[in-house]
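Below, chain A partners chain B and then partners chain C, in two separate complexes.
Then we have the complex of A and B:
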């Protein structure tokens, strides 16, 4: 557990590093052709402008709808199937090689296929996000659940636990931190899927904003949208990390 | 024990008859006959791998026997029965549950109402001396404290049969001694059927009303030694001449095999 003082000093150091980064960015940009690199202040100003005139907020809203749909489906389905597969050996052995194959497949390769199957709407983009995130969640959940020691199950059975009790008291609480690791990975991968979908399927949301800014030589807007999506990703991963720490307290890991 | 003798025991809570168990081609034990009274502690000693844990698992209904039967208060054991609690060699605490939740676990599964659990758990926490650690996780406890927690979890359901698998093997000598007398004190307060597996001959004699020696390949009950030491047993018991005599007796019974193996090696 961090003390209050050391938590403050961590925040302070992080902020200081970010401020230094911004200064460095500003310094480099002032010596570079603004057609290639927009300065920190110009980028920040453009973000504020795009937010005020609603372009950025609309793009974000549209992207988040796609992203959260795909991601939450990946989490719910991934964790559920992962736990079931960990409990049912036959299914696991049967599906293992498929899961390994799909986990290793660069999902971008599937985008043309999804396009020909489903066209350009909302659903295929959510599906791309889902596919990017799903296998991280699934794989980590299965591996986590399988590392449960048989002794733990023996204790549960000794106290006359049924299958439902095994899930509630043993399987789910044990697997949660592993699943959250997968979810955190999935958050990052899903974001890649989001932008890829918005680039290659139908242009929309932040992806479209990036492409348009590039076409219009609006360099500050281009950098601005990239910064926004990076910050979004970092914030979501932060939430994931927080949940992981909360549910892994029993493992006694240093926070 | 002869059949006639066995028929005499009216107080038997656990009845094991002609029990045999094999894992595939490996025959662990055969023809095990044993009865444990309703207020009796039976110690079981035997060389490593002779099937002590396997026997406890059979009694707990965790694994099926290959032949023979086990009855608890007349009911045949085919799956875990209510009111039987095991203290595991590996502690078996759930690392994601606090001390309180671990001890409450068995009560929760037994369907005890929450108000009753909240009243009962602190009593058992106090009984095993874990006050102040209610909200600690197992990783924050020492080995001895973890074993106390496992003990409290088993005792909390006020079991009719208590199965102990080398419960104090993993703790240091001092803690071990404290826990032994603590357990004897608790048993004195609320006597029940107990099967106490241990590697320590001293502990077997100290805890048991009888000591059962398992031996052979496949193993069987080689000898049953009645421990005619007075109750309650205390630290003073350890210095009785009778205690030493019994300990020597069990030691010789157990060691015959080891000595034979040693002689074989020397040849």
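Then we have the complex of A and C:
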């Protein structure tokens, strides 16, 4: 794919862009009221401070616990139901439109309902992450299932493949790339759900850190925690894309 | 689904193909979902929790009262306004990233990072700048929508076949005409894909901003009503949001099929 030299130059360019961005930030901040914009150095120092005294690491740990619980439930349940629907045509045509409807519904709108039914704590937040991610996984898996050509199954059957064989050799390998697209989408949406849950259900983790910094007018901490969540988002997205590239390269969609 | 099914489904209007084959399965499934919902709530949930029969009963009074429509007007107005801003700015930046190597090198990293970032996180910052006002909501909508457009338009501008550019050069087309007659038209499918993604994100952004900043709108309507244990009324607003989301998606799909029949690529970045 990429030669070693071009990969190096890409890294160098990225680093240069980051350095230029930091310089620009510093320059703009030195001319702006610090109540609105903290400088790059002040923000970096505050991140280091929050990481050293454990506030940031604790917040990240508690956020990741919620996030991974909700996300893994969404992936496991979403892919399983998606594969079953891939196999049972009647169920699929019956449920498809409703799943599409729920996929298009902004799940944030359900947060107030979840709050008044489930109250505060770990479970409702994990449920919000689950709801944000689940329909992306399910919808994309079904999309894959729908495009499975009947000829493929026919070939499998003419070679006397049993139900287990069909799942192992046709269904799962064919649907996997689509499921991975859904999982990548779900990773991003789930993160939105995480922060939304931490804002609106019960304050905890990185969401609480952001909100508290705003209320305390601790502008460097506000920018710092936003930078942390942006980096987290980019890293998680990178993981999703890597998985897709690794397992779905043949579909030619992954970038 | 075989090839002949596919063409058939494309020729027929959406609602007729929905009702066509398998109509019985769909209707039965819909009724089953509603029944399960109704009875689960009746058996195990507190009385205020929304359930289909009560939502239907609440439908006429909610629809006839002005509150819902005022809220909807505020929310969808802000979404539309934000989408227009994001569309104009995003196309401009996207084309720049797609066509100018310098812009790409400097901005690509930031655009990708901000695209992956959950936009909720920036809400406290926006309320700091704009106060707890409608402007904060508009800014959230723009921020939520713009990166989806930039990312897709820059992909589109990059994917313009070099032959097109060469032809334009050979005929001594100006840079201006190259932009408006070659690059932009050839990026339209990408732009539509970006717009579809952006619209969904914009809707979420508006609702979240209303929750956070208590700005009047559908999000606040839902929050207010659930807090006063009027779940059924609030649910009508959720349904309105869902319907608008789906309608926009259908509209874009129809528009693409009608005006860009050659367009088959369905790989928006998300």
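Side notes on the structure shown:
The definition used in the following text is that the second predicted complex is superposed on the first by the 250 of 255 C-alpha atoms of A that agree within 3 Å, B and C clash if a C-alpha of one lies under 4 Å from a C-alpha of the other, contacts with A are read in each partner's own complex, and residues count from 1 in each chain.
FYI, a contact is a pair of C-beta atoms (placed from the backbone, for glycine too) under 8 Å apart; a residue touches a chain by one contact, two chains touch by 3 or more.
Predicted model, so just to flag it, every value in this text is computed and none were measured.
Of the two partner chains, chain B is the only one that A:155 touches; chain C does not reach it. In the overlay built on the shared chain, the residue A:164 is in contact with neither chain B nor chain C. Judged by the touch definition given at the top, the superposed model places A:94 against chain C, while chain B stays out of reach. Between chain B and chain C, C contacts the larger number of chain A residues. Residue contacts after overlaying the shared chain place A:173 against chain B, while chain C stays out of touching range.
Judged by the document's definition of touching, no chain A residue lies at the interface with chain B and also at the interface with chain C.
Of all residues in chain A, those touching chain B in their complex are 151-152, 154-155, 157-161, 165, 169-170, 173-174, 249-252. Those residues of chain C whose C-beta lies close enough to touch chain A in the complex are 1-2, 18, 21-22, 25-26, 28-30, 33, 45-46, 48-50, 105-110, 112-114, 116-125, 127-129, 200, 203-204, 207-208, 211-212, 218-219, 222-223, 226-227, 229, 231, 234-235, 237-238, 241-242, 245-246, 249, 267, 269-270. Those residues of chain B that touch chain A in the shared complex are 60, 62, 80-82, 84-86, 88, 90, 92, 94-97, 105-106, 109-110, 137-140, 157.
Residue ranges of chain A in contact with chain C, taken from their complex: 13-14, 16-18, 20-21, 36, 90, 93-95, 97-98, 100-102, 104-113, 115-117, 146-147, 150, 184-185, 188, 191-192, 194-196, 199-200, 206-207, 210-211, 213-214, 219, 222-223, 225-226, 229-231, 233-234, 236-237, 253, 255.
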